[in-house]
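Note that the chains take the letters A, B, C and D in the order they are written out, and that residue 1 is the start of every chain.
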Amino acid sequence: MHDTVRFHYMDNLRALAMLAGVVFHAALAYSPLLHPYFPTADRAQSPAIDLVIWWLHLFRMPLFFVVAGFFAAMLLNKRGMAGLFLNRLRRIGLPLVIFCPLVIAAMSYSTLHAAAYVRNPSPVLLMIRQFSQMANPPAPPPGTGHLWFLYYLLFFYVLTWVARSLVPGKPGNFMRGLKPGWQLLLFPMLLAPALASVSAPHPAPESLFPQFWAFGFYGPFFVFGYLLSGHEALIDRFRGFAPWLLLASVALYGAFLYLLRRHVPTAASVPIALIEACISVWMTCVCLVAGRLLLNRSNRLLRYLSDASYWVYIVHLPILFVIQYRLMDMAWGWGAKFTVSVVATFAVCLLSYHLLVRKTVVGRLLGTRMPVAGSAAGA
Amino acid sequence: MSTAFALSGVTKRYENFALRDIDLSMPEGQVMGLVGVNGAGKTTLLRILGGLALADTGTVEVLGHDMPAQQVAAKSDLGFATEDMRLFKTRTLRWHMDFVRSIYPGWDEVYAADLLRRFDLRAEQRLAGFSHGQRVKALLMLNFARRPKLLLLDEPTTGLDPVARDEVLEALADVLRDEARSVLFSSHNTKDIEQMADTITFVHNGTLLASRDKESFLDDWRRVICHGSWVPDKAAWPEIAAVRQNGSIVELKVRQFSAGLLERMQTQGAEIRSADPMNLEDIFVTTVRAGGAA
Amino acid sequence: MLDERSRLCVHAVFTVAGCGGRRHGSCLRRNADGCLFLHSGRGLYSTKGAVHTVYMKYAQIDPELFLSTSDSTPMYQQIVNQITTKVMAGDWPAGQPLPSIRELASASRVSVITVKRAYAELGQAGVIVTRHGMGSFVADSPNLSDSLLQAEFTQHFDAMLACARRLGLSVDDIRQLLDDEQAHGAAEPTRGSTP
Amino acid sequence: MNRSPLNWPVIRLLVAKDWQLFQQQLAACVFGGIVALCLIGMATGWSFYLGSLLLIVMLVCTSCFSISNSLLVERKEHTLAFVMSLPVTPLDYYLSKLIGNLVTFLVPFLAMLAGTVLVILYTPLPDGLVVLSLLIFGHVLLAYAVSLSVAMAVESEGWNIFAMIASMLLINPLIMLLGQIPAINDHVKADTIYFAPVAVAILLAQATLSVVVLAATGWVHCRKKSFY
């Protein structure tokens, strides 16, 4: 399986996107911007956190969906539509059905517990505390929590089939054929309407009912990855642009933060949406270029991390919540709390992976290696 | 020698038409031609053999299998194409080939490719774009390429242009090489049947008029031109199927020709001018007009 | 047994069979040996060596005859005539194995029963002999062509006599015509106009 | 009448064939279904109603297209003769149609049923609605079974379209009728689920009738005298 060996950078990028999610979620507790909305929001805060995490937020999941689209196309090529569905149901559908209720139950349990016992509660915890004192507390609507991306992936696979059944000809060839400059300009335009319809920074689409904006924002990235599969040279065409894209993104991010301060959080304005769209596309491309240049290799550590990333991401949030609820009543600075929560969460997640998952039935369920690369390991 | 099919006492009634008391069988390795006008019952007969219609009474045996009880076994070795049978419009011919191949283990891909070329068909084309002739050829190709033991073909050459007709007959002739394979085909083009068939069966108004081996069939019939005033009485001359007279010329169509017959006619005062063989079309029309058995 | 020339000959036979049109092609693809057996009378020449001896002596027969559906001559008669012509012309030498009935039927696109009948007629006429289980061969009589020509001559001669009778020509008239024919010599052999 | 065993490999192929022929329309319906879900998810009044309406339209479309594609078109376009000339018995053919259609219908049907029940249970909507919803879904199932059976047993296209439309439209009188039954109507707005004996009886009747209708169709189909 020589062809899969070449895609270490895709594996590694995916692992990076997943693991960055842990850091991102840990940092949310110390973000002034999200203080009113996040359950583990801490007294200790820093604007420096906002400066970094919203930057990361703009391209972390887009990058993940590019990788997902890439591997979907590869799997489709190799095993056909039925093979793709079967494999994805086993690797994505089943874990979603099994872990989503468990993870959400664990989070709501620890949150209710924290609402009752934490001495310095966040605004969200306070609200929950008030609710729980009511006679008939309203149940939270069912949702997918931070596993929403698995739910959407399932939709994307179905839509892949829909598109292949309905779309005549090869529009993919047209899109691949565009000059890279045009691609980098037109792609953000495509995303802007979706981003303009939600608040900025965009929330996680956790509802069981799918959201138009999530399809409109993440869908094109999935398609981008899908079209990249078998045409990886397209990434190299962005190489010359990469430094400029990085610079432009940083500059635009400054504008974004400036606009955000005056922003009413119902729906993003068109300029904000455009800026978000540009940054997410351009930074995703920078990541792809960088990944292909720097991360296209594998060693035991990288492979281990990439194997573990799926499990780590699934279970990290309840563990992080438990740790951060404990930290809420400590009198440490935000830096210490953030570092401890990140390190401790990783430690627990990786330990549980090593002991409970890697060589057990759970590991087989998640694919000891992530799906497609799994076949490379087997070869 | 085993039989390709055997019908006995088969009756099938429709609202305006009935197939009555059909007794017919065909040995393996033969080609039988069904001749009849439109609505004579050819298609119904083929449908009964193909398992698409159930006979009201009588027994049907195809390739040694009782129909309809063992129709799966029979249909597995059966090629069947009727004129009104269609393929799936939205699919390509390639799709049909793959579909048929997945059902019949006997599918011969090399032969299929050969037939595609000979029939001038494009596998990647959708059936919706096929002309009538291409559709017929596609259907025949799908049947030929799996080399069935018995081919039931309803009007396989009707509506084809002369070149296509020739190609189809050539492909049909391939079947003759194998003595275990049989063909039953109907046509109102008697030329095709006259050329290819070993046995000829006349169907008219739901009954069999005749079913015999072709050579003796053609041998027995003669068109006799005689001179003189003698006109035979049909009752006394059962061998004569039709008589026409114009002045002193008498044209006789004879269904059981023999030298003895000519002598007997001469003793009646007829001066024989010629006694020529007849073609199948002529024989068929005369038979139908005479309203009796050939 | 096989000298170099025969080997070449055998090779040529294979090549001819291989490129002799798609009909032979499809047959060869299925089983090249089977194809050889078909042409050389199946059952008899069960060993490859024997097959080779056949090909050393006889050329491959193209089983396709040129038959016409628009010809008023019955199909079997057309087959009889063409095979007779081939034998008379020496295309098919004495002892040459004939194509099997099915092979000839398939190649010429006529029914098996027609070919059967034609072979039977040819057998009766002594043009071919059919050995049970071995197939048919051109009759092994040394002056077959002569006897066939003789038969044809007799046929035409009888027809001429019948015609003459109807014209009311006497034997002397005919003799006179023959003498005239002789007198004009071979220079104008096809004068042929009857008075 | 059929002494030969069922020809499962060919039945499977026939189902796969129907699926392939139906794929484009199904894909369009699935797309419509996802759009409908998104509309419902927008959580505004108009989009919720539009979304639920679209979802029901898509369910009906799926079932009607599926029946039309696998049965009506096959007969109209004379591809039935081609299919029946394959090594299948009438029973094999019937089963392939039944399985193919039930899968294409039951998958979205059950998904919608589960979704509806979940929405009722997890939102402020009164839980008593579950019984009424089940009865309505039961009717859709029965209507589908009837349409499928008529399509298989009756060759007239007009009657087939009539059966599809009429059986689905009867949903309105059914809802009105159910509203007249106190044992059901009184509990609709309650927060507990109460299965009145009448409701259970109707549900059972719907389920039994659906199965009986389909089985009877099979019986009729296997006694047909011609298949082209």
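Here is the rule we go by: a residue touches a chain if its C-beta (ideal position, glycine included) is under 8 Å from a C-beta of that chain, and two chains touch if they have at least 3 such contacts.
Worth saying up front: this structure is predicted, and the values here are computed from it rather than measured.
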| item | value |
| --- | --- |
| Other chains in touch with both chain A and chain B | D |
| Reference chain A; chain at largest CA-centroid distance | C |
| Central chain (by mean CA position) | D |
| Centroid spacing, where centroids are CA-atom means, of chain A and chain C in whole angstrom | 86 |
| Mean-CA-position distance for chain D and chain C (Å) | 71 |
| Whole-Å gap between the CA centroids of chain A and chain D | 38 |
| Centroid spacing, where centroids are CA-atom means, of chain B and chain C in whole angstrom | 30 |
| Per-residue multi-chain contacts in chain B, two or more chains | none |
| Sites on chain C at which at least two other chains make contact | none |
| Pairwise touch network: line, ring, star, complete, or other | line |
| Which pairs of chains touch, using the document's own definition | A-D, B-C, B-D |
| Chain D partner contacts - residues on chain B that touch it in the complex | 47, 50-54, 56, 68-73, 75-76, 78, 80, 82, 84-91, 95, 99, 102-104, 139 |
| Interfacial residue positions of chain A with respect to chain D in the complex | 138-139, 141-142, 155, 158-159, 161-162, 165-166, 207-212, 215 |
| In the complex with chain C, residue positions of chain B that touch it | 29-31, 110-111, 114, 118, 169-170, 173-179, 191, 194-199, 213-215, 218, 276-277 |
| Chain D to chain A touching residues, read off their complex | 23-24, 26-28, 30-31, 34, 37-38, 40-43, 118, 122-124 |
| Residues of chain C defined as touching chain B within the complex | 22-23, 25-27, 29, 69, 72, 74-76, 102-103, 105-107, 109-114, 117 |
